[in-house]
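Letters A, B, C and D mark the chains as written, and numbering starts fresh at 1 in each.
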Amino acid sequence: MINKFVSRAVDALADVVDGAVILVTGFGDPGMPFRLVEALVELGPRNLTIVSNNAGRALEGIAMLLRRGQVKKMICAYPRRTGSFVFEECYARGEVELELVPQGTLCERIRAAKAGIAGFYTPTAVDTVLAAGKEVREIDGQRCLLEYPLHADFALVRAHLADRWGNLVYQAAQRNFGPVMAGAARRTIAEVDAMVELGGLDPEAIVTPGIYVDQVVTL
Amino acid sequence: MINKFVSRAVDALADVVDGAVILVTGFGDPGMPFRLVEALVELGPRNLTIVSNNAGRALEGIAMLLRRGQVKKMICAYPRRTGSFVFEECYARGEVELELVPQGTLCERIRAAKAGIAGFYTPTAVDTVLAAGKEVREIDGQRCLLEYPLHADFALVRAHLADRWGNLVYQAAQRNFGPVMAGAARRTIAEVDAMVELGGLDPEAIVTPGIYVDQVVTL
Amino acid sequence: MSDAQQRRRQQIAWRAAQDFFEGAYVNLGVGIPTEAVRHVPAGREVIFHSENGILGVAGIAPDNAINRNLVNASQQFITVQIGAAYFDCCESFAMLRGRHVDIAFLGGYEISEAGDLASWDRRKVGVPPAVGGAMDIAIGARAIWVGMEHCTADGRPRLVREVSLPLTGARVVSRVYTDLAVIDVGPQGGTVREIHPGITMRHLREVTQWRLAEATDLRSMPQRDACAAGAQA
Amino acid sequence: MSDAQQRRRQQIAWRAAQDFFEGAYVNLGVGIPTEAVRHVPAGREVIFHSENGILGVAGIAPDNAINRNLVNASQQFITVQIGAAYFDCCESFAMLRGRHVDIAFLGGYEISEAGDLASWDRRKVGVPPAVGGAMDIAIGARAIWVGMEHCTADGRPRLVREVSLPLTGARVVSRVYTDLAVIDVGPQGGTVREIHPGITMRHLREVTQWRLAEATDLRSMPQRDACAAGAQA
């Protein structure tokens, strides 16, 4: 019988090695898999590359990974927000590298990894400092940047409910990066409020099909 | 008050001109907007380019457009199926041009048009006859084809229910090209079984948000 | 923020909101623009897009109706309209990049006469840059309107000949709403459509580095406080 | 189709289905492969993917339980398992191209020794070509298994040195299930893992253009009819 539930977050993440690239869902607090990120703090792998819209707040989630010196590089759209003092300190001291990516391009690069697209052209960020070093091509009269997929080792995804096949549904704006990051890494681990029986999710309303999810941890 | 419902299919399609490019949903019969295609037959525009997974069956839908000589070119993945004799006859007589596109590339080209992506690289069809004339690029050790967005004038989309904002839900495998084609053309027209009150669709379960839909016709 | 500044900012948000047309899909930026959701004329249906994955933002949630999973792009707790839909960020940016959003009403630091927008990086030492969705929105929405105070706190123009700060998008802004005027961007410079009743074109030109022409139907900019007073009278 | 051919084809589908592992995501091609859904060993959970947008295909719908909106990629009316999910074609092909589907069990016309697959165009005069999702699947699924009768109706080999028909994908096939053998594709040619109890390796080589080696654990191919009889005993 297929059963993707694992009882402890630290078991699901036990083989995260130093230098791993990890996708973390969330736009602000909604969608942030706090329990899984706490498990990363507990397990202590270092030199991580964290891909997430923001760079943590207060001493929670990604901020704690940064405080513990586990993060080599952040790939984000919006690392600065109210309470992001840990990231700001690490950044000011040069302790963490930042790759700033426009949010739409960030989503699309992650989707490309999930969907087997090897590269794409986007008009976003043309003529800006974020185009530095990128190949430019004019297509149909519009100058575009060539962007590549953002591959990762793990995707940590926060959702609302899951069944034992790993099918997921979300709650409101918690969804954000979940359906994009799930399946974009070699292994996807979801953190959910509760598990439901197989058949407990409407096949028409499943947002992330279980094929993209390897393991599920409940709160 | 926003109200995207129109009472007659022929009104919604009245300004389809000769030479228009039209996306039509459906994978086999499920998802095929028969009423809208019938309206096209009634209105009679010619030299159409029809983009659809299949090329019609019996004397229904796209087959009737072909029979009436309204179609200059079909862009499809699978034009041949049981009962596709009208297309086969037109094709054998050289009356209709065929651009054969692998289904995954077809979806992705339509999505690119919807999502403002100017081009993408895919490993599909490399080294095959369908790669003829396409630019090849090796990315990360993998040879890929450069594919461009498939822009269109109209998208005809079959769904199950709609509200007056144009939010859509589908039924089972009827969904197929709906969420991909809706929004990929300059104008999107949906054909649905029934209209529901605004608020009658669960915001978590809406599949095609109304922003992609301009007009809705009920059966 | 002083009461006077608060009023100026609400006036800017209010003025732009009067121009959101029935049925428009509108994305609101952080700051002044976020306030516009409160100022849509009664009876007009406008659908607000939030780039984290919402169509149908209604407004800021009252303290007794907070859903912790429901925030706007400014991370404020919100409520949604009947008819709202949720989706993921990739779909959300498909809506923007794919030109489905009619109007993005954004904040900004500087705008050039050509419509170049600088809105994301003030290059303050030690402060990490943060772009969010600004660049995708700038090139994606069908119309880019910017709402900003006409001058900086120390009185320097924000409508400048060339932007000095890092660009968000080149030649993207089509209209600017400030506390002093409503100005359309065009190939010959700005066209002033409305001007604050208390100032002259000469004054406006002094605080603007663009070439400015008067619209043939130039009018005095309606004031929110006056309208509110009128409505109460 | 003769009864004997029907039995051969069911045997091929049955044999492949025995190798679908617990938890595997499997896409089934048109023809012989579609039958495999019926032959998964009892108690094993396999999740079938249909490229029109379904995970969890259960089987062909009985006449009294037809949902006209529920078909598989072969346009047959089907039912779904508890736990099924529906999605659009773009997502469906993201699953394929993105290497999320473990096994695609496909039909084919010819396979070269290098694993090149020809499965979509027989180049019949006057018949329009139709590719469907075949090329996306061929390069996308993690393992491509092909189920086919070992020879054509007129006795010519289908496992050929070089394919003569238009290619679906180059060097993609990893295993072949025929009525005569189960053969793994490798850099030195085919490795025969199982052979039909009624034939010899010499006969197999005569009807196969590949170099063929015997697996160290070569065994007689289990037969469905025998198993079915055993199960009934």
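The rule is simple: contacts are C-beta pairs under 8 Å (C-beta built on N, C-alpha and C of every residue); 3 or more make two chains touch, one makes a residue touch a chain.
Quick caveat: nothing in here was measured; it's all calculated off a predicted structure.
For subunit C, the chain with the farthest CA centroid is D. When the C-beta contacts at A-D and at B-D are tallied, the pair with the greater total is B-D. Centre-to-centre separation between subunit A and subunit D, using Cα means, comes to 36 Å. Work out the mean CA point of subunit C and of subunit D, and you get 57 Å between them. Separating the CA-averaged centres of subunit A and subunit C is a span of 30 Å. Shared contact sites, meaning residues of subunit A that touch two or more other chains, fall at 108, 111, 115-117, 122-123, 170-172, 203-204, 207. For subunit D, the set of residues that touch two or more other chains comprises 80, 86-87, 93, 96-97, 140. Of all possible chain pairs, the ones that touch are A-B, A-C, A-D, B-C, B-D. On the subunit B side of its complex with subunit A, the touching residues are 108, 112, 115-123, 137, 139-140, 142, 144, 148, 169-172, 202-205, 207.
Those residues of subunit D whose C-beta lies close enough to touch subunit B in the complex are 50-54, 67-71, 73, 75, 80, 86-90, 92-93, 96-97, 121, 126-136, 139-140, 166-170. Across the complex, subunit D meets subunit A through its residues 22-23, 25, 45, 47, 49, 55-56, 80, 82-87, 91, 93-101, 140.
Across the interface of their complex, subunit D is touched by residues 1-2, 111, 113-117, 163-165, 167, 183, 198-199, 201, 203-204, 206, 209-212 of subunit A.
Within the complex formed with subunit D, the subunit B residues making contact are 27-31, 53, 55, 76-82, 87-88, 91-92, 98, 100-105, 107-108, 110-111, 122-130, 170-180, 207.
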